[in-house]
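Worksheet: one structure, shown below.
Note that the chains are named A, B, C and D in the order they appear, and that numbering of residues resets to 1 at the start of each chain.
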Amino acid sequence: MDVRADKVMSLAEAIKTYVKEGSHISIGGFTINRNPMAAVYEIIRQGIKNLHVYAHSNGTGVDELVGGGCVAKIEIAYGGNGRAAPTCIRFKQAIQKGTVVHEDYSNYQMSLRFHAGAMGVPFLPTRSSLGTDIVNKWGFSRQMRKDDSKLPDDKLIVMDNPFGDWANCAKVVLVPAINPDVTILHVQKADRQGTCRIQGLQFCDVDQAKAARNVIVTCEEIVDGAELRKDPEYNQIPFIHVSAVVHVPYGAYPSSCHHYYDYDPTQLSDFAKAAKDDGAFKAYLDKFVYGVRDHQGLLDLVGAERLAKIKADPRTGYATGLDRK
Amino acid sequence: MEYTLRELMAIVAAREIKNGDIVFCGTGISMVAAMAAKHMNAPESVIFFETGAIDSALEEIPMAVADPRVMYSAASCGGLLDAFATMQNRITGDRVIGILGAAQIDKYGNMNSTSIGDYYRPKTRFSGSGGACDVASFVPRYIIFMQHEKRKFPVKVDYLTSPGYLGGNGGRERAGLLSGGPSAVVTNLAMMRFDEKTKEMYLANYYPGISPQKILDNMEFSVDISKATEAAPPTASELRVLREVVDPQRIIL
Amino acid sequence: MDVRADKVMSLAEAIKTYVKEGSHISIGGFTINRNPMAAVYEIIRQGIKNLHVYAHSNGTGVDELVGGGCVAKIEIAYGGNGRAAPTCIRFKQAIQKGTVVHEDYSNYQMSLRFHAGAMGVPFLPTRSSLGTDIVNKWGFSRQMRKDDSKLPDDKLIVMDNPFGDWANCAKVVLVPAINPDVTILHVQKADRQGTCRIQGLQFCDVDQAKAARNVIVTCEEIVDGAELRKDPEYNQIPFIHVSAVVHVPYGAYPSSCHHYYDYDPTQLSDFAKAAKDDGAFKAYLDKFVYGVRDHQGLLDLVGAERLAKIKADPRTGYATGLDRK
Amino acid sequence: MEYTLRELMAIVAAREIKNGDIVFCGTGISMVAAMAAKHMNAPESVIFFETGAIDSALEEIPMAVADPRVMYSAASCGGLLDAFATMQNRITGDRVIGILGAAQIDKYGNMNSTSIGDYYRPKTRFSGSGGACDVASFVPRYIIFMQHEKRKFPVKVDYLTSPGYLGGNGGRERAGLLSGGPSAVVTNLAMMRFDEKTKEMYLANYYPGISPQKILDNMEFSVDISKATEAAPPTASELRVLREVVDPQRIIL
């Protein structure tokens, strides 16, 4: 929450200011789309550890954060990444090795938890997951919850419908609100004050932003506020929720950014291949993350030819006919 | 006409979709099945994705439900809350047919897409629910894609991610869930359905050239095979839709 | 819920088909903006009675429905209409005379009730109204609720936060979902299948639509679906929620429709004046509602000169410099 | 310089707004006060409306919170759910100052904007809560505009629409409400505040030419007048903002 007129800063500064060891964070986007990848790489590069991550289906970004050794705990609905990795590979390995403490929810539940945080209520109800292990198995024990004031006392609560059979519903599952310390989004357009316009699907980005104590927005373009205000109904996030605005062209690469560029099937598949082996993965990080100064450095490694291939077609918003095998 | 079992799977599932259905679908073969139905038996069906896109043009097959290919020329692009509300809300939800997949399924159609072994330190970790638990909780009927392997049809799933009929007849209602549940399990060998009274899985159709015994051999639990008939093979027109219209790049198939 | 490709029909037919004696209805818009006035007049003209109305702050439209004798019960947050009528005049009179049974909520609570209906949950929680008469005084008695399956057993329920002090919250008020038989909206653009694009503020229109069993959309323009689908992120209501599409230019008149026309201060104030007196109000209805065949008839009475005055300026979306005293 | 009491009311309220505040405001004089503050003492304040518009340009004064004049050149135009969440959510909500009005107010700042007499068959019906109850429930401080008349300051309000301090100190917390409450009552005669300990209303400032006794004569309950001082009259610059910038058409004033 911040009303300053100019919040533009460098990515390194934004991450250093708002993402701390042990921070509870969430990132925007979904699997292979609009993940704030430049910010994810910067977090890895700055060596920020022990993050508590709230994820619905943030495929690529979350898998790299896990792979980069930044994550201690994760609340998650889905650790998959489309065709490149039906289960995210570093995530899979971390859970199997027990290096990340995890707790499972459904996608709708995670969405509702951000929605509750944005609304300012302690919980929201849903009819999802009754009778399942999502209700029965808690990743974080009662003791761990009691010891940590940043965790609710219960994973979720099953309750009889207090309005009898209203809405023809016998029971509901209450899921607790999430208020991340920081949410990081990548959007197409933002002004210097932080008002954002997202094109294409919004996923949970808006609630993730409104629920967070601080919001870092990376964007393809910084545009004039007056321009955005010509159609205020298309600006999903007003500046009052935003702490930092960072200009990062291709900031979602190698995930896609609708109307700007497609996902890069080559890079996603190279990442998936490297992720399968600890040595290869170290080499991958050394080359693409630690070995470059910033996101432009990574883009230079990828090269103009590959970026040209994923350039969005103006009609469809994606790279028509892209070889995605 | 030659065809693969994977092609037959997609076609068998597509045939389950009725004209006018609202089809929830995920990535991969479920998307192929939904798209095929729209070009075959259910031209007025509406495909939507958990990411919030409704009735996308799907000129190219999406590789994920967040693929920009689901955004192009949709009726609307919202977010996850919109998509799941469409199913939880009975007005639209009662018209939805879901298409899901899983790593394990039991005889009551309960699914595991979370992990094998101990939940806290699993032998194998999968993606987790995603929207699967939500869809299985909300919609009156859904199709499940499975690979037919013994370990994938266990007596008890290691983690119950998405509710089928839970403990059998009345199980969903006792848990407080909406009625409904899985209507078909489509595998690379057969299609199974659930008995109306017991809610137990039974063999409905075996694929041409596959014996009911082979199907039983590939399951840990046993199912009734007495009502089984052979599935109709794909027609030339069904295969043409699949190969030329739905996935000409052969990205999924 | 309806997937037909063409739902265009006449307003008279849409109202006759979907609005019945005793229907539970809600209308879109807010005080002097985007009320579906043509539909409201058609309901009055068709003499449909005993409506149960769910209203947040639908000023003009609700007041005319009450004045037209169509309303038996109303659940409402606000019966005011801006400067023309700080308290809606026919509404005020009906409550004072006891001719309409009423129950009060707050605007947020009514919004949440539609949101719950759209989401398909029996209730939603809020921190609003604890300690107030909104909690203590029920307009509909327990007995009346018990006898009517279309009413929840409780007006609302105060509950201790089941997650302890999570979100620093001790108690919440649960408000029950609303699922109207029919919601009527006026929007700027719709296609023949019912996909809608709203410009400017959305108020509660989207949830009111998604919560309803049937939705009638009146619109300024029927546009090509392909045109709307070029920017699907700006289409708030997909066709699956819509039952009928009706082309009614100036369908919100005398309330405003952003980017098309402003509210008409003269007509609003003439209505307010007439509403104060039973005889004058009867004459008003005879002239503007019963005395015309349809909305075009009303517009003809108003005349081109008045409509020209409220024409929206392309820059601001309203009639700049309009005399509004 | 000549001025009306209504102008002074608007200015007194405007002075309460701090730079950087997020200001929730309604129709009429509350909008005038918020707009005046933005042009006077709080240039970086952000005005928003329950209808969902944030930081509107307000080139012309809106006649209602749904007036298209609040939509023009806003940072964003959402809906009611967005606006109220901005207040219920503590991250943004703790920065909001509300401006409300009512038909009745008691000594603890509890307000009635619903009805006089029996709720079911009232002598006088008003508009009802609108967003007032929500704002009074959610925000840490708010200003209340009142006409100073005996019947409008009763010992007990006929219907408690919007919570002030309820029964006094700790009343809000006992009811489960967020702390906070009304910070000032601005009338056509005076400005009242609430005692930090008892949460009872007291006279803070009487307007130039108005005696504290006249103020007491216009209230059913009595308030402490011992701390009262005279309010500063409007400055020429404040009046210029009000008359030339905020409401040149004299629509509200």
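FYI, contacts are C-beta pairs under 8 Å (C-beta built on N, C-alpha and C of every residue); 3 or more make two chains touch, one makes a residue touch a chain.
Remember, it's a predicted structure, so these values are computed and weren't measured experimentally.
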Checklist entry - Which neighbours do chain B and chain D have in common? => result A, C
Item to check | Neighbouring chains common to chain C and chain D, by label | outcome: A
Item to check | Centroid distance [mean C-alpha coordinates] between chain D and chain A, Å | outcome: 40
Next on the checklist: Just the number, please: Cα centre separation of chain A and chain B in whole Å.
Outcome noted: 27
Item to check | CA centroid of chain A to CA centroid of chain C, Å | outcome: 37
Checklist entry - Which parts of chain C, given as residue numbers and ranges, touch two or more other chains? => result 120-121, 126-127, 167, 169, 172, 179, 200-202, 233
Next on the checklist: Quick check on chain D: which residues sit in contact with 2+ other chains?
Outcome noted: 53, 71, 73, 77, 81, 88, 90, 138
Item to check | Topology of the chain contact graph, where touching chains are joined (line, ring, star, complete, other) | outcome: other
Checklist entry - Can you list every touching chain pair? => result A-B, A-C, A-D, B-C, C-D
Checklist entry - Which residues, counting only chain B, touch chain C once they are in their complex? => result 20, 22, 44-46, 53-55, 57, 71, 73-77, 81, 85-95, 138
Next on the checklist: Applying the document's contact rule, which stretches of chain D touch chain C when the two form their complex?
Outcome noted: 27-28, 50-53, 59-60, 63-73, 77-81, 84, 88, 90, 114-115, 119-134, 137-138, 159-163, 166, 171-173, 175-178, 249-252
Checklist entry - Which chain C residues qualify as touching chain B in the complex? => result 1, 3-5, 117-121, 179, 193, 195, 210-213, 225-226, 228-230, 232-233, 235-241
Next on the checklist: Per the contact definition, I'd like the list of chain A residues that touch chain B in the complex.
Outcome noted: 29-34, 56-57, 59, 76-83, 86-88, 91-92, 95-96, 98, 104-109, 111-112, 115, 126-134, 136-137, 139, 158, 167-172, 200-207, 256, 258, 262-263, 265, 312, 316-318, 320-321, 324-325
Item to check | chain C residues touching chain A - in the complex, by the definition given at the top | outcome: 116, 120-127, 152-154, 157, 159, 161-164, 166-167, 169, 172, 174, 176-177, 179, 198-202, 233-234
